[in-house]
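In structure tokens below, several structures.
What follows is a pair of complexes built around chain A, which joins chain B in one and chain C in the other.
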Partner chain A sequence: MSVYESKSNKKSQFFQFVLSFIFILLTMISLIPILHIIAISFSSKRPILSGSVTVFPVGFNTEAYTKVLSNSNFIGSFLFTILLTAGFTALSMCLTILAAYPLSKKGLKGKGIIMTLFVITMYFDPGIIPKYLNIKSLGLIDTVWSLLLPGALSAYNLIILKSFFMGIDNSLYEAAYIDGCTEFKALFKIAIPLAIPAIATLSLFYAVSRWNGVSDVLYYISDSNLFTVQLKLKQMIDAIIISQKEGTSVVNLVAENIKSASIVFSMVPMLIAYPFIQKYFTKGIMLGSVKG
Partner chain B sequence: MKKKLVSTLSLLLAIVLLVGCGKSASKGEESTKEEESTKEVIRSEKGEDKEAPVELNVMIWDRGNAAPGTTAEDNTTSKFIQESVLEECNVKVNFVPVPRSGSNDKVNVMMAGGNAPDIVFSYSRNLFGDYAKKGGLTDLTSYVDEFGSQLKETLGEEILSIGVIGGKQYAIPAKRDTQKIRHAGYIRKDWVEALGKELPKSKQELIDILYEFKEKDPGKVGDKLVSWAMGGNQDTEKYFLNFVGSYVDMSNEKDQYIYTENIKAVHPSAKEGFKVMNKLYNDGIIKEDFPIDTNDDIYKQDITNGYAGFILEDNMRPIDQHWIEALVSNVPEAEFVAINVLEDPNGKLITPADPLHGMYIMVPSVSEKKAEAAIKYLNWLANTENSMKVMFTPDYTTDENGVPIAISRDELDEQGYAGTPNDFTIVTQYWSYSGNKDALVSEWLSTYPFLSKEYFESFYDAVTSGLYTEPVLQEILESETKYLANLDKLIIEFAYKSIIADPSNFEKTYEEEYNKLIQAGLQEILDERAAYYDNNVAK
Partner chain C sequence: MEEKIKSLDNKYLKNHWQLYVMLIVPLIHLIIFKYLPMVGTMVAFKDYNIFQGIWKSDWIGFTHFKEAFASKEFWIAIKNTLILNLGDLLIGFPIPIILAIFLNELNGEKVKKTSQVIMYLPHFLSWVIIAGIVQQVFSNNGLINQLLIKLGGKSVPFLSNPGIWRMVYWITGIWQSAGYGLIIYLAALTSIDPSLYEAAYIDGAGRFRRIWYITLPQLRPTISIMLIMNLGKIMSISFDRPYLLGNVLVKDTANVISTHVYTLGLQSGRFDFATAIGLFQSVIGVILILIVNQLAQKFGEEGIL
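This part shows the complex of A and B:
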């Protein structure tokens, strides 16, 4: 008996070791490219060109960051983009919740038609020029609204949240209605608190999409005060590549260097936000809400 | 918890609403201020009995490199232009920033939306031809005749004619700096000298030297040696075009019109060139596995680490991308010099040169009323002295060769000058000293101090000898609009596959890949170009 036990212990220890090894390997696989990019952003020109930078900077310097930061109003557009992202996320979440909640309820009249209308937007895209004409005739060109309104509601996220609301046990609502709860109260006191994990995830989706969005800024905005960070970073990278082709030397830097610094910059806000949202991903959802 | 969430959400919403309002409010203020200043100008000028200035919106590229505290459309350079043009031409210029990357897309949507600036530009001949054919552009012929005397003088008949389609001047093509060959060869001079030889003077000498590089390893780099380094970039034909093109006899004028740029690589005679490259590849002269180096990373490393003996590149790229600088700091004795030795079958050096013209400057048809002001503005820019003031700051000083003395980037930033003044000097970048060897050498020396005077003197000789300017068709061919973009990629694939084919399979691979090109519309392009030549040029 004891022999068998120790064998199985050894076996499970070995298994543990293999598992740890695999997970460390997987972590490294995703971590090393990021470290490589950070290393390049701090390295000097020669080692980058010779390909000798791995995960540690060679010829340490902060020139790429100075270049990115000294760019015209970079800090200004950084703050603007953070505000824009926060505002967009808040606006989008309000719209998504207010649309998903009623659609999750049984007995809403015209539910099928409304859903179909939402779903159509997932399959058909009008294309750039009709969109531009639309935005133009709404008078939104060169305003912050052209960056907020067109993408404010994603049908995909709406469906996710709707399904999530539908998963909430009906007896919870019934209990609330019996105690004299209104629909609004039911939404704010029952549905939203229970859907926090989903709301946190979708907020992250919205935030990331706004933070990384470039093309709408490119098309709708002709005022450099309203350019977002991502557009500016893209300009900086492309400026180097394009100027190589045009033969106009712009900066005394290797493109890889600035590109890496830009990637680090665009990762930072999401890296900061993620730990605060992460706890909602792991938390149980309906734990202990219905008993007996 | 719930309350917190709700209140946070509503707070954020309130903030965004406020930000939105704040932005629009401040914009409103700005526009009223602008109106006021316009009125003032009119008032002050009424005193002098002058007409109110015409407002002209001009596109400007935003490369995200404006000096701190300035923008691409509002800086010391733009103010200098605005003041000078208002005074001299009575035109009030407003600059409209368009991000450089994605610029064609943005111009496209603005043209479709009918709110493009009064002056737009693009490097794409396809885009220009498309607008011209669909009636999107103003015919500038009469305006140039009336208000564009300086334009005519600076650009000359040859360049202006490139902006003509169907007999109408739909665009003003820009004039570029000193013409150089488009792709140049670079070779390790120190290796050649270590072999006890002189720089090659012909294609055959070059090939012999490449074999000797491999056999004798003059740089002592061992098995990392690459006699002829190439990348696998899918966007450029620079790695093979000049070599295979040198096997084509271009003395027939019709061929000159049909086989321009990358199409030259599919000329039947170019097959001989591919065959030679195929042999070089299979003999281990050309970098093994080059087609999988699609980012050119290994290629760049081979050059900067001193493993590469010879390359074909864009004329100045190894210098202005600091590859040579990195090479010399890795291998101090290295000398990587430009050569231009790929002669044609008649023994003549005709190396394709950069085109004479740059971007196409256009006036949309909805801005026809502004065409007069637009030409007046472009005419002002066409004056070399004006353009040099824009490019090198209004009170620039020159050295003994007439080259403006460079001002450091930091100093320019401090005074708020534009990040890339070239974006303002859209009409001409052919300065008063362009084409002058001594002046250019001294300009390069001040820009790239890590190289010597002798280096640039021989560089100048290499890149300006045997210049061959390809003809430009004064028509936009339908087949080109339809197939050329796709063919550009396919020709590169065709070339790489032919080079790396097994020698016994070369004929088969070449034919197969060539037929793919034919199916992808190559035949239509060749036919339509031939017909164009017969109908327009041969007559």
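This part shows the complex of A and C:
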């Protein structure tokens, strides 16, 4: 018996060792592309051209970042995107809370119909062009509203917040109503304070989608003052593809470090937010899966 | 009795009219930004004239659909959409499941936690950033080709050869989303009662038998929901990923329905024709979701609707 046990323990230890090794390897592989781009952004031109930069900078310098920071065009759209993201998140949360709270109430008449109307939008997408024509007929093309309003209320997030509100103990409300508390007061004094974790999660959902979103900017915006940082990056990346195809790759390769620095720079807000995102998104996924 | 209910309802309304006030703005938003575009899909059946607008343009029935079905580019876009999505399904779908099963077997908490956190990170990068990274890694003088040349191999045209570009598209998808899937499946595994494993161990079940008889059945509902959603979306494709990862050299492979609609509608100004193609895709999408959901319920799974 003890022989069997020690044998199986050894086998198990070996299995654990191999498994750890594999996961460490996979983790490193998934980190390499990001490390590579960071390394290039801090490397000097010659090593980049000769291809000797892998995951560590060669000929360390911060010249690319000096250039990115002095590019007022890029920094301008970076700051604009931060403001846009903040505004979008605030607006979206207001709308989502205002919709989720009443719909979480059991006695509300017409609740079923309204929910169905929201759920339909999750499964039927009218497509790019009708949305574009709609924005156009509202006169929102080339305005900041075209980037703020259309995505401001996601049915998916609404359902998550609704089920969170539904989990709040009803007796809390009952007591408040007896004391003459109105629904608005109940929302601000009871529901919102209790739903802070869910609200934080959904705010992150909204913020990430706005920060990363590029297609609506591409569809609705032609005024370069309203370009988000993602679209600016896209133009930068595209310019390099074209010139490589024309056989002038050597000249443009010099820009590789600037391109990489811009990419890294625009990743920074996400990397700063990542510990929170990481903590809350996992919770958000659980919230989403609980609803079934 | 009925009167009593009615008076109760009135009382409810009297006390809770503010709930309806709260709903006003969200409902207006819903109508303007979600339902008006749905009404706008009628452009697909019209000869759209910018000056006359959506309502006043002439009805022309299914003309745009007929033209679409007769066009070669339309079928190429459908074929490309299906190939790229099928690849995601065949290669990308099982990987997070396998990762979750084996990460669940791992005892070391540190490795477990770190690998989750790092693999999850690419999910939060925009496709613009990912496309920029892909270029650095896979271009002719990128990281991988430099490595291949140093090892004495030849450089591979990852981004310009259509077949290889597809592989890059799939691999990038795995890199971007495997961590997300991993966390979903791991969440499903945390609810397993550890005594099940102990009992199986005492009964002499080996590691792989335990995985087969305990871990996998626990994952089954999650796997089936994810599979339903993926199958239901087999005809729809996001715009960002194929558009940003693609380039001029692989345009015949990377041109999918979403990018085709964008080029036709917003770049060539054929709003009505492009709407028809988009509407065709959306309708097929809804039908597929309904079918897959029905099938899932037939096989005793929960379904999503």
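By our rule, the second predicted complex is superposed on the first by the 196 of 292 C-alpha atoms of A that agree within 3 Å, B and C clash if a C-alpha of one lies under 4 Å from a C-alpha of the other, contacts with A are read in each partner's own complex, and residues count from 1 in each chain.
Heads up, the rule we're going with is that a residue touches a chain if its C-beta (ideal position, glycine included) is under 8 Å from a C-beta of that chain, and two chains touch if they have at least 3 such contacts.
Here the structure is a predicted model, which means the values were calculated and not measured.
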(message) So in the superposed three-chain picture, is A:M166 touching just chain B, just chain C, both, or none of them (first/second/both/neither)?
(response) neither
(request) Mind working out whether A:M93 is in touch with chain B, chain C, both or neither, as first, second, both or neither? (result) first
(message) For A:K259 in the superposed arrangement: first (chain B), second (chain C), both or neither?
(response) second
(request) Scan A:A239 for contacts with chain B and chain C and give back first, second, both or neither. (result) first
(request) Between chain B and chain C, pick out the one touching the greater number of residues of chain A. (result) C
(request) Could you look at A:Q230 and tell me whether it touches chain B, chain C, both or neither (first, second, both, neither)? (result) second
(request) Applying the touch criterion given at the start, work out whether A:S215 contacts chain B, chain C, both or neither, answering first, second, both or neither. (result) both
(request) Classify the contacts of A:P150 with the two partner chains as first (chain B alone), second (chain C alone), both, or neither. (result) second
(message) With both complexes overlaid on chain A, does A:F124 touch chain B (first), chain C (second), both or neither?
(response) second
(request) Figure out whether A:Q278 sits in contact with chain B (first) or chain C (second), or with both, or with neither. (result) second
(request) Residue by residue on chain A, keep only those touching chain B in one complex and chain C in the other, then list them. (result) 51, 128-129, 132-133, 215, 219, 231, 233-234, 244-245, 249
(request) Please give the residue numbers of chain C that touch chain A in the complex, ascending. (result) 9, 12-13, 15-16, 18-20, 22-23, 25-27, 29-30, 32-38, 40-41, 43, 53-54, 99, 102-103, 105-108, 111-112, 114-115, 117-122, 124-129, 131-137, 139, 141, 143, 146, 149, 175, 179, 183-184, 187-188, 207, 222, 236, 239-240, 243-244, 247-249, 258, 261-262, 265-266, 271, 274-275, 278-279, 281-282, 285-286, 289, 302
(message) Under the definition above, what is the set of chain B residues touching chain A in their complex?
(response) 1-2, 5-6, 9, 12-13, 15-17, 19-20, 23-24, 27, 62-73, 96-102, 105-106, 108-109, 112-113, 115, 123, 177, 297-298, 300-301, 304-305, 314, 316-317, 320-323, 325-326, 329-330, 409, 413, 419-420, 422, 447
(message) So in the complex, the part of chain A that touches chain C is made up of which residues?
(response) 12, 15-16, 19-20, 22-24, 26-27, 30-34, 36-37, 40, 51-52, 54, 95-96, 98-99, 101-103, 105, 107-109, 114, 117-118, 121, 123-134, 137-138, 149-150, 152-153, 177, 182-184, 187, 208, 211-215, 219, 230-231, 233-234, 237, 240-241, 244-245, 249, 253, 256, 259-260, 263, 266-267, 270, 274, 277-278, 281-282, 285-286, 289, 292
(message) Under the definition above, what is the set of chain A residues touching chain B in their complex?
(response) 45-46, 49-51, 70-73, 83-84, 86-91, 93-94, 128-129, 132-133, 136, 141-145, 148, 188-189, 192-193, 196, 215, 218-219, 222-227, 231-236, 238-239, 242-252, 254
